[in-house]
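Each of the next two complexes has chain A plus one other chain: chain B in the first, chain C in the second.
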Partner chain A sequence: MAVLELPDWMALAPALILAGTALVLFLIDSIEPHSTNRTLLSGTAVAGSLSSLAVAVWFTVAGVGATGIENYGVIDIMNGQFVVDQLALYFMIIIAVVTALVTVASYDYLQDHTYQAEYYSLVVLAATGMSMMAASNSLVTIFIALELTSLPSYALVAILKDNRGSVEAGLKYFLIGALSSAIFVYGVSLVYGATGSLQLTRIATVLESGDGAVGEMGGLLGLGILMLIGGVAFKTASVPFHFWAPEAYEGAPAPISAFLSSASKAAGFVLAFRVFTTAFPLEATTGIIGVDWTLVFAILAIVTMTLGNFAAATQENVKRMLAYSSIGHAGYVLIGLAALSADGGDLVMGAAMMHLLVYGFMNTGAFLFVGLAEYWGVGRTFEDYNGLAERAPFACGAMAVFMFSLAGVPPFSGFWSKYLLYTELINAAADNTVLLVLAAALVINSALSLYYYSRLVKALWIEEPLLDRDRLAQPTGLYAAVIAAAVMTVVLLPAFGPVADAALEAAAAVVA
Partner chain B sequence: MCVRFEPSNVTEMNDWIAIGALALVGVLIPFGMMAVSYLLRPTVPETSKRATYESGEIPTGGTRIRFNIQYYMVALLFVVFDIETVLLFPWAVAYQDALAADIPLVRALGPMLLFVAILLVGLAWAWRTGAVQWARTPRQLESDRP
Partner chain C sequence: MTVDVQYYVLLSMAVFCIGLFGVLTRRNALLFLMSVELMLNAANINLIAFAFYHGNLTGQLFALFTMALAAAEVAVGLGIILVLYRNFRDVDVTVPTTMRW
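Moving on, here comes the complex of A and B:
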């Protein structure tokens, strides 16, 4: 293969392409304000996210940022403010995939909507922030990426301006988001105060060397880390900052719920993975603050998955059920951070990353199906969905795939990612009983989740409809996105091995 | 946790004493003025003294009114220029030195041009979509129609 010599900053291309797409969308809207040319606007956004995806996949395959004998190693941009490694590219892929699915689905969902160009440019801007977050290597760039992700998200949740639910959800999301951003940035300032550095690798160096006054500022550092965890918990919709999620997802337009619950969550997790593996090396940090930070994540993981699943089981509203289930899945992924204290913790983290990728397909697909139901106008509760399969067998078949995959039923890829997570966790748990508790919680919660996921499948396929329906429309974009997500959930099966290897390798490279 | 105390040193004043003294003076001056004027002034009670603005308009209605969204638009557009200045200023200071240090023009000027271009796209978009057009009441729109 011909070796292409690209400048270092080109390694950020997946994020830069998204940024460029957003600017192109602004230009289109400047040339023709309030355009209703949905094909052009949606097409631009889809093309942008797909090319971002293509470049990220190409980079991964070509070994950009990979460590190893034949590769050039991690690419460092702007003196370590950004870093492009396998972890960054892996999450850039997840984010680009979800963005592409969401923009395709929005083509139909936004029919007759007033703010077409604004909608797409905000989606792509938020995706830019998430993509940048994957590569950020300093608390400053992380915070800027976090805000670039959050600010468009607030507007997107409230974009149905005449819909009371949407505006209410936007306000709640904004208030909690502002609070957690403040907590996060305060945490950043405390960590800076204790270590005198904002760049993650330099923080780690200071902690390990124990230079200067760091040793005496354990309390300050510990509080700062706790506040950083608060910011992460908001972005990933984990306890204790989870309560915005059901409100925001329910009120927001369904494609935006899909976007927030998949891409935004993935971005939150890459932030957590990056910060906690790079900046706070476990032994040195434990020596200074006196507490093992993986313990906090272990507790949060158990509480988050249990709360999410139990709350989901009691919901009558499908979108709320999915929202709580997404909280539950955040709990599963948090295991990846909780297990870092044990040998083989990097493998658990890789498995958690794999689960995030699979989750990106199945959860986005599930929310887009809800978007399809909203497009049909069938209602919001389980009863309203009764017997939809008679009229729309393909979409309902796809939804059944998503539900069983989310529940972790073999043979779908959701099962394999959970299985990988479970086996790696058991392997790592040899000398750590906390991890055994986590593994037990994972299994129990997965079993419980089967109840409410299969309840929806039962409503779709078995129950009789409450009232006779006319033929349901078949919107091309929404259908295409839902089917594509379902196909990917299934196609990931044969490709599971190599992709999982890529995830494990990326995790190992960061942890080591 | 171990707390250390500086050995007491009579000749050297603690920094905090100065700050405390400043705070004390800062509180004493306004209260002193109020106290002195209370002692000196004649007492002439009058209802108009209770008004919010003694020599201004008589306020009507509550304070919780809706502001025109336009104010926020102007504030947001201001941010565009504000950020631009914040970044242009340190760049302008370093620019000559950068050229003197033989940094190529593309690297010294290019990023800033790109940055300004991005902001210009934003400004053009805001202008084009009517952010700088003063919002009109339905009645004004009515009278504009031919």
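Moving on, here comes the complex of A and C:
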């Protein structure tokens, strides 16, 4: 790597900056243990995540991790334990963006909270884990990054210690998380048993050459892969490990719900993309275990999106509706993995990554709006939100943008990413029945989702309020974060072409 | 005399299934934690047996990481169980039901 002749490990800078920020926050906390200087703490966290974002964007533009003569090539760190390529940088950008939005919004949300420094350092530590996960290239580093993400998240969900909902959510999140990480690490041990290696590229080499006893251990390998899928399903809130999501998102402080449902989900998907494209080459693996693993993802995708959308349609509580909608969106992104067996599967994966980036803005924004509503204390159900637009037209306008974008209504970017996903899927499908069924499921679910998203917009803008409201406060941080997310959801449109190209290129480089 | 690797795998699968059974049937949060520990240690048995079988140290090293992470997980878990007790006066995982799906 030769950006100003920096050493190789500097390619991990976006993650290292986040780690450094967490340590600075700890330092501030140890100098002044009960500090409630919100500007300093929140400011440090925001500055850290923004510089991580800036460095990741700079690296992407400079061509770090990209192949080709004018670029710097894929960077291996610590004998291939970490790898920095376009895929890693792309996801580091998503994670840094969401972290920045969440920390800005937390400034107001945590106004009277006792544990300020702890909160911000845990958020930034979890973001570090997610960023590391994007660059991990070995099952060891993946597992460590996964736990570095999970452990602070458990604590963050339960951080409102006197709030029964928050504690209950934290407990449920922890129980299912501990179970799924035990299953994940058992899967890792089985894959190691079958192949004798934990580094992803070496696993692929062993599988392709069929050396040693791999051929006889097809059963163990298959079971191991299934268990790895279980770990991925937990992180991305997909079936069968999705049932923590509605509880955790509803009980957690709203900025944390936004953080988990956007950044943590993106991190789970980069893990899945990395592991399954690098370590388990389709033909060789199918030859050994006798089953095509994309089929598992196709089934999970259909079940996840259908379950998420149907459950969301029946909710009365807004935060819970958003939680189920986030399960539905996990189903859409899983299509990216299900289509890998077909020609042009890399394009579908790129489209799925594009959808994750757009989702990072619109879903974070939607949860932060719920945070704003909690700040006002207006209540949690659809009826409680009636007529809010009279009092807060800007925030409600932003919320309408998020809702229509999540539903996939043109001209918002949520429509374009879903449209890209759909067209690439149809192109790849050709005469592949499974993919055609997936495309049909995607369309039907999107149509259904319009019902419950527009229901919220109707409540905000059209319904009369149940009781008269006083003027609503305008907290700076929350407003800034919500409006910024809305602006990005719209502004991504003109920038859609180049950003989508970056996603497609990154996917193609990994799949090839 | 060495024991064949398949017996280790059988042992670890037995331990894993005992742990899974505990997770699914126990209502006490502390017993739940212990069951998860069993499942993690089942993975450790596998890793160490396979490290011997393949003749490299990767598995043993990873087992050390797993142990450290299991300890960290228990620390966070006990913290959550403590606040659970303070709020609900119980460590039964079926008691907190303020939210329902």
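Simple rule for what comes next: the second predicted complex is superposed on the first by the 508 of 512 C-alpha atoms of A that agree within 3 Å, B and C clash if a C-alpha of one lies under 4 Å from a C-alpha of the other, contacts with A are read in each partner's own complex, and residues count from 1 in each chain.
Please note the rule applied: contacts are C-beta pairs under 8 Å (C-beta built on N, C-alpha and C of every residue); 3 or more make two chains touch, one makes a residue touch a chain.
These figures come from a predicted structure and were not determined experimentally.
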> Based on the superposition on chain A, does the combination of chain B and chain C result in a clash or a fit?
Replying inline: fit
> Comparing chain C with chain B, which touches more residues belonging to chain A?
Replying inline: C
>> Output check: A:23 vs chain B and chain C. Expected answer is one of first, second, both, neither. What do you get?
In response: first
>> Nearest 10 degrees is fine: what angle do the Cα centroids of chain B and chain C make about that of chain A?
In response: 20
>> Between chain B and chain C, whom does A:330 touch in the aligned arrangement: first, second, both, or neither?
In response: neither
>> One more residue to check, A:435. First (chain B), second (chain C), both or neither?
In response: neither
>> Going by the contact rule set out at the top, does A:135 touch chain B (first), chain C (second), both, or neither?
In response: neither
> Which holds for A:34: it touches chain B only (first), chain C only (second), both, or neither?
Replying inline: first
> First (chain B), second (chain C), both or neither: which does A:243 touch?
Replying inline: second
> After lining up the shared chain so the two structures overlap, which partner does A:406 touch, if you call chain B first and chain C second: first, second, both or neither?
Replying inline: neither
>> I want to verify one number: the closest Cα approach of chain B to chain C after the superposition, in Å.
In response: 5
>> Please report the chain A residues shared by its interface with chain B and its interface with chain C.
In response: none
> Residues of chain A touching chain C in their complex?
Replying inline: 139-140, 143-144, 147, 151, 154-155, 158, 161-162, 164-165, 167-172, 174-175, 178-179, 181-183, 185-186, 188-190, 192-193, 196-198, 220, 243, 246-247, 250-251, 311, 320
> For the complex, which residues does chain B have touching chain A?
Replying inline: 1, 118, 121-122, 124-125, 127-130
> In their complex, what parts of chain C are in touch with chain A?
Replying inline: 5, 9, 12, 16, 19, 23, 29, 32-33, 36, 39-40, 42-44, 46-47, 49-50, 53-54, 56, 58-59, 61-62, 65-66, 69, 72-73, 76-77, 79-81, 83-84, 86-88, 93, 96-99, 101
>> Residue numbers of chain A touching chain B in their complex, please.
In response: 23, 26-27, 29-31, 33-34, 219
